[in-house]
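Below: a set of structures, written as structure tokens.
The two complexes that follow have subunit A in common; it is paired with subunit B in the first and with subunit C in the second.
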Partner chain A sequence: MNIATYLHAFNGVVKREFWRFIQQRSRFLSALVRPLLWLVVFAAGFRAALGVAIIPPYQTYITYETYIAPGLCCMILLFNGMQSSLSMVYDREMGSMKVLLMSPISRAWLLISKLVAIALISLLQVYAFIGIAWVAGVEPPVLGLLAVLPALLLVAVMLGAIGLFLSARIKQLENFAGVMNFVIFPMFFLSSALYPLWKMRESSEWLYWICQYNPFTHAVELVRFALYLELNGQALAITAGATALFTVLAVISFNPEKSVRAAPVRK
Partner chain B sequence: MTEPATLEIEHVSHHYGARVALDDVSLTLEPGRFNALLGPNGAGKSTLFALLTRLYRIQQGEIRFQGASIEQVPKRLLASLGVVFQQSTLDLDLTVLQNLEYHGALHGLSTREIRHRADRELSWLGLADRKKEKVRALNGGHRRRVEIARALLHKPRLLLLDEASAGLDIASRQAINMAVRSLCDERQLTVLWATHLLEELQPADPTVILHQGRVKASGTGASLCEANHCEGIAALFEHFTMQGPD
Partner chain C sequence: MKFRALAPSLIAAALTVSSYAQAGLAYISNEKDDTLSVLDLNTWQVIDTIDVGERPRGIILSKDGSKLYICASDSDTVQVMDLATRKIIANLPSGADPEQFSLHPDDRKLYISNEDDALVTVVDTQTHEVLAQIEVGVEPEGMAVSPDGKWAVNTSETTNMLHWIDTETHELVDNTLVDQRPRHVEFREDGQLLWASSEIGGTVSVVDVPSRQIIKKLNFEIKGIHPDKIQPVGVKLSADGKYAFVALGPANHVAVVDTKSYEVVDYLLVGRRVWHMEFTPDNQYLLTTNGISGDVSVINVADLKVERSIKVGRYPWGVVTTP
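On to the complex of A and B.
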């Protein structure tokens, strides 16, 4: 097994994700509709209720839409990361997971390839959202669109790894709906995606600390700062650490024996 | 020319909780031959396949590929193994070629090499003109052929087929059976063909009869019939599978 072998495998996994993405255009649209609803409808309603003070990385007063845009980018990555885990559960139920498991190439490499592949597909959706948000008046620096790329990629891999880790614990597709409620919504609402954490602290100290320990908060801040051409070192360290931790956990907990179903055996 | 692959299963047992799926199973595949694993549904064939393909860990016993324990040489085993599972593992929404490309990439092949090999295997199986069609558009027999083409793409030395022809009409079953048999002659492939359909076997085939997780008999169909005073494989199968547990 040489490097070319590993690269061919990576290429194959990325291409398959892309082919599946092309097949599921409605998934692309729904991934865009969700954050756009927040940006256009929710933000319009909350604009008056939530005044945003001047906080880094912003140099001046900003609209509420501008504040929540990075969080909505991460929302796309969050839903996609979890949905991709859903597809792993689906692959497992349909038997196509066996194709992956029968590869002689390192399973860790294949899983990481899958995470990166899913992340790359998610980035297409995030940039489509940023494009539409631009039309709606959210205009970060043009160079920020480039600077935010590695941040988005890291966050996407982190959320994909969390999803993969969770999917190893889900026996059936139906159980995943519960995880969505117990993982996606708490992660999103207990973060700085929709409101600055100082606002949360004014309401509740303990909720503030939960938000602080939520890796999604730091993922949002990493993206927010990068979009405005600044580096948030703490957010980068925590996001990178969480990415490494959950990737390792996802690879370790990926048990092929749970991933396939034997034919029923008579007593 | 490379020597045909060898596979030996020795005293393998497997349990699902309290249920015994395989009980002290031992068998050796004849290299370069069409080896038949005959057993009714629930005999333990799929569990044995899951162990051979390392989807399950071996609980008891040993499986050796080319003389080495498969736990010692997992990558060598997987690189040499072509498998058609009982349940289809094709992605229905991708084209035939895309399914093959994905499999080939997972075996470290370049896209160019995969396309070259895919053309060869699909032509041989009469599917050259279907490669750009979605798998969903193919009938059951053609889907099985695609799975065989995919299993051959990385030039395996050992081909495992678990009920590969189940659910197909007689003509499709025969066509697939004959195609796989020809691989033993033309490519010196060692084949393990698991089935519960007696008409797929020939008297000269090395045959193992598996029932309730145990090997009931092994040898060529003809020699087993003679030894057990049975007139044919159907009678032989009935002889062993109508017996209750020992």
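On to the complex of A and C.
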């Protein structure tokens, strides 16, 4: 098989994901409502009108809305990554993934294509969110909107891969509620998305270290720095490393012959 | 006609270019450290810290920019610093506890508020003699001399008045009642209007100078911040006459007021307890001193955005800039 075949397959997967996105506009809206609630309601309730202390990459005092915006961008990617990965596991038994996996193209390529396709769709949602946040007064440098693109893409693939690995491996995560309670919430809250880590450290040293080992923290910081036209080398290294590791693990775990789930019986 | 219209903007453009090429400096008085921080306006780095008298607050430049006058409040003197050598070359007899002062356009007479003595002391900066001491209200604070040199206006924090002093006779001629705790006064460039901030009253009064009557009173309101925290102190008017910037103290914001409509255009978030302000020589930036957070915030005047905040000493109070 040559490169053209692989590209053809990639194209097909992306196109299919795109059409699905077009048809599920309500899902697009609901994915936007969640971070917007956080931005408009939660951040307002936090009352940080007097400013959040200066931490890099910010050069001056910022509002709490400005602080949490990058974390909320990653929240969109987190929910989408987990949701799509879970549906991929089901799809393996009964849906389109089953058909797709029958093709002679390697499973790894198909899965990566799928992860990238989901990531690209998620990016549209993130940019829609950034647009609305802009109106709400969160104004990063305009060039930052471009600089953040590769960071967002990497983070989206990482989160998709983590989701795929976990949902293929752990039987208990059989529905979205399980994923939400045991993956999304801990990852989101034990990170720098909602509060700077120095603040976390003031209350608990071990919570701080858990946050430090959470790849989501570094994903948020990578996006935060990129949005303000700075490169956080450590965050990039950890996010890229985690993406590579979890993609390999996900491909290994996503073996149709070793299904951990029984296909639902339909009568 | 066309050239006349264009000339000011051409000159402004030329000035912008030339001053950008020069290394502009800002001097910031640090009330708790008894020092001045010297800030490079191109690199935004503090390049020097100079020891001065106790509790330096108000600072002002001589007209040629070669000397810096410093109110060393707890040393009960106004110090004169030679900026070429950064050495104190004289101590002026300022009266007790000098806080704010203003230099007459003649570059000689310095009008100094003596907070504890309810006096305004006038000192000749060349002979170092006290020319007059004028009794004003309780706790005099803000001080400004009109651009034509005719008026010296002092604010008294407890009497809540603006005191109009005739600079020819050094007599108190008139008083204008304003809201509680007036802190600062600033003349418009043409001398026709005077802006006065009232810290506890939470307002800024705009006073017509010929009639000495208040023609407009401005109120401020920031979502999420208790009205008690909104305490206007420093006021600066932009060189193009478009905006007035009002430092709102513990509200940590600078209000931007449209000087035509008197509407607040925006509130800009800066450091904690913002006090006084100064434009850079090219008028591109406005620097604010933030007492509690111990830093200076830099506001881009054209797009009304706070670009950065730079750590200086403890409790920065006053700021001046040189080209």
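In this text, the second predicted complex is superposed on the first by the 242 of 267 C-alpha atoms of A that agree within 3 Å, B and C clash if a C-alpha of one lies under 4 Å from a C-alpha of the other, contacts with A are read in each partner's own complex, and residues count from 1 in each chain.
Basically, a residue touches a chain if its C-beta (ideal position, glycine included) is under 8 Å from a C-beta of that chain, and two chains touch if they have at least 3 such contacts.
As the structure is a prediction and not an experimental result, all values here were calculated from the model.
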| item | value |
| --- | --- |
| Partner chain(s) touched by A:20 [first = subunit B, second = subunit C, both, neither] | first |
| Touched partner set for A:60, first subunit B, second subunit C, both or neither | second |
| First, second, both or neither for A:110, with subunit B first and subunit C second | first |
| Partner chain(s) touched by A:102 [first = subunit B, second = subunit C, both, neither] | first |
| Most subunit A residues touched (candidates subunit B, subunit C) | B |
| First (subunit B), second (subunit C), both or neither touched by A:4 | first |
| First, second, both or neither for A:44, with subunit B first and subunit C second | second |
| In the complex, subunit C residues that touch subunit A | 222-225, 251-252, 269-272, 293, 297-298, 305-309 |
| Interfacial residue positions of subunit A with respect to subunit B in the complex | 1, 4-6, 8-9, 11-13, 15-16, 19-20, 23, 94-96, 98-105, 110, 256-257, 259-260, 262-267 |
| Subunit C contact footprint on subunit A (complex, rising order) | 44, 47, 49-51, 54, 59-63, 139 |
| Residue ranges of subunit B in contact with subunit A within the complex | 16, 19, 21, 41-42, 44-47, 50, 53-57, 74-79, 81, 83, 85-91, 93-94, 98, 101-111, 212-213 |
